[in-house]
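Here the chain labels run A, B and C in written order, and each chain numbers its own residues starting at 1.
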């Protein structure tokens, strides 16, 4: 979709002849200035008791400042502001990488210990202490998330379509507003709601994976709606009008023109929403609980799920503590891998189905 | 268009097929129930003829022990579909009373109004409460070079109320003449969640620490402020990573941290399985309960140095009479295994709890024998 | 496509729905919307009906013994404080990330970078909790001490500094990391959709890259950023497990971010207390859930008001 116009070459390459001859700072000089700033930051940090964090903070601030001042002197205010923003934006990205790297390192270093065949082929059925696996929890998570997705995506997508294509007046306003409200339902309240709903309908001793799926749907639907709505809004009206002009009925316009145009964004939105709920612990704790064996039927009986499994392995380990912790971190690693796989699938979908743009 | 939708179908069906394939191959350890079990072999030679469901829920403190019990129980009775949901004691008692589960695991005995409701749930019949999971609670600290300390109840209370702020406080030094106490500040860490451990710890302080501790026993930490952490793992993690921190937690989770011996009478007693079982055995029963209701009030003020009064007692609660034969048989067989020496040993190995004494086992056996359908 | 059609229908007047396909499709869309309202009404009804016993109970019976307001008050402060820190930290960062990925990063790796940030959304909240507890909190202890020494004139950093780092500040930062991918993913999407013609026009007029973004991209993406921020705020307000694991909570209401006695948050308090709660305790917890629900309602009302004050740049208006 994206037809980015990048102005990077123009700011740095001297090949582009400006009309008026002006002095420029070469890219090398800019990097030199930035590094000098960081070196100064390190020195400052060393003076006040060395630490990596203060080095980074001082360094980035001073480096950015050095680049800004130099550009300002040599090339003027506008270029300087541009460089400043470039520095800030890049720093923002770098800052966000720090927790990610730390998290991934933590999960990998602790999770690889039990990332073996047994983990994927065994359940905890009759396993005491070491060994065992999370087969039952993996299957449970897949089933419950799949059911939740099957419930949420049609409802969410249709609602988004309603809001963007059909909706008008008070109903549209009400839905938009209350979807926002729904995003704020704490996950545990969604769990309590699903629990109350099913015990009301099917009696006290009813426990099934579907309860968890419904709880997750309550959390998932607003995310689907909100992100799909945002993406659908961005489909240019010209496309719709062109389609109408050809005499295509509205619903076919939506299905054949609007949705394919937005499919990349829809994929991202839905993947995000799945990612949002697949690691959800609290509502599943209340609704589906935890068992040690495998249950493939989401309509009868408790099920194990990865987040709940990980939670109890972490919080209620036995005397062989390390074995429990290893299983917990591996479960977390598997969860992350699932979402990564989902992301790849979403990307493939958008690549396969997105219409070719003219550019 | 045509090509696209077929690609889409292909992608979806591939994903579905992958899920189904994963589901179809099954867990390798669930196929043969005879070989994969652990060392457990039940005490009774009962034929493996039980079947149907057995659902329990409740105390999460029992989770590790329950894993061991489940493994052993299902080794004997592979056809019983057993599940235990570690949802918490309160939830466990509520689910039992509502009839969702056949039995509950609970860190506290039924309250009077709950007992009435439970009796109703059991069709007017009796309710059994067996103190099957006993775990000594240790006062655990992280202090460089100090592995053990002697602390009187009043000192412990002083530490946790914030009256004693450093480790070289005279109150601590007095009982530990041999230890080199640093002047590190004390960071008391308490449980942030509502827990049976806190309930028992505050009950202990309330009964033994005199004027130093004035709060009533409560599952929620009664004092405002202070360092709080979630669950046993949480408090242990914080104490491990913070120099000078101290907390209370299951003794089995102390790891490399220092463990305090607490003042009992004139002496100091370190947490041990034997001492914990001993205090439970010698504690008075809660009055006015039924014949098979073995709820006890732990004798916190014991002066016997062979007893460790800071213990958590977690119960199994169920009906003496169930509606249907299957549930009655399953509960009976399960409880029989849990109180057996094998069952207690298996739990102790996995969870680090204190096995129950023979006296308690005999009491429990009388309740188990009485379980029937009707 | 299908049979011949009369090519005269005005597109914007959906009242003139004639074809059965259209009727079914719009009916399905409308039904989904109404269904969502019903679900929400169900949640609200459930919360209210379960909260009523706590609302009507005498104040001695409420846990803590000082009434519902005294019980929930600190929790509200904690919830808002944590979410606010998260939002303040995460929103500028997320916008920066989105801009970097869409307009600054080398084109070949841009989508891969976006994907990497999305990974943050993939990490389950329990893992965030344990990462915050085991990795981030100890790392932040020196900052806590420094802030207590040098910034104690600001009420936010009044101290005394926590020795474990498990404070509202740490929680806010972890929440910020958690909502970062949500805000940045949506911002990225809207930024990359900014009309190419506008951007090219800006560049053609000699604008620097930043001026192009300021004039052609940001105005277009504003509503998307706010929508993303609101989604993120919703998550931060309702986040349960991570807060429950990290925060040393249970204290009185305070804006002091760096001491070890912090007000807990509503959601984490429910998670911590619910398993062992019975009777009126359950009702009290659900009443606090109702309050959180109302807070979200209010927050969204404000956000919507902000969005509506500005011109809508949506392509479908």
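The rule we apply is simple: a residue touches a chain if its C-beta (ideal position, glycine included) is under 8 Å from a C-beta of that chain, and two chains touch if they have at least 3 such contacts.
Predicted model only: the values in this text are computed from it and were never measured.
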item	value
Farthest-lying chain, centroid of Cα atoms versus that of subunit C	B
Comparison of B-C and A-B by number of C-beta pairs in contact, larger one	A-B
For subunit A paired with subunit C, centre-to-centre distance based on mean C-alpha positions, whole Å	13
Chain centre separation in whole Å, for subunit B relative to subunit A (CA means)	37
Sequence positions of subunit A contacting 2 or more other chains	256, 286, 314
Of all residues in subunit B, the ones touching two or more other chains	60, 87, 230, 234
Set of subunit C residues in contact with two or more other chains	134, 274
Complex interface listing, subunit B residues touching subunit C	60, 87-91, 93-94, 107, 111, 114, 185, 187, 189, 192-196, 219-221, 224-230, 234, 237-238, 241-245
Of subunit C, residues touching subunit A in the complex	1-2, 4-7, 9, 11, 14, 17, 19, 21-22, 24-26, 28-37, 39-40, 42-43, 46-47, 50, 92-93, 95-97, 99-105, 107, 110-111, 113, 115-128, 130-131, 134-136, 139, 142-143, 177, 180-182, 184-186, 189-190, 192-193, 196, 199-200, 203, 208-213, 224, 227, 230-231, 233-235, 237-241, 266-267, 270-271, 274, 286, 289, 292-293, 295-297, 299-301, 303-304, 314-316
Complex contact set, residues of subunit C against subunit B	63, 133-134, 138, 162-164, 166, 244-245, 247-252, 260-261, 264, 272-278, 281
Contact set on subunit A toward subunit C in their complex	1-8, 10-11, 51, 53, 78-79, 81-82, 85-86, 88-93, 95-97, 99-100, 102-104, 106-107, 154-159, 161-168, 171-172, 174-190, 192-193, 196-197, 218, 221-223, 225-227, 230-237, 240-241, 244-256, 265, 268-269, 271-272, 275-276, 278-282, 286, 306-307, 310-311, 314, 332, 335-336, 338-340, 342-343, 347, 359
Parts of subunit B lying in touch with subunit A, wherever the complex brings them together	1, 4, 7-8, 11, 15, 19, 22-23, 25-30, 33, 36-38, 40, 55, 57, 60-61, 63-65, 67-68, 70-71, 74-75, 81, 83-87, 95, 98-101, 230-234, 252-253, 255, 346, 349-352
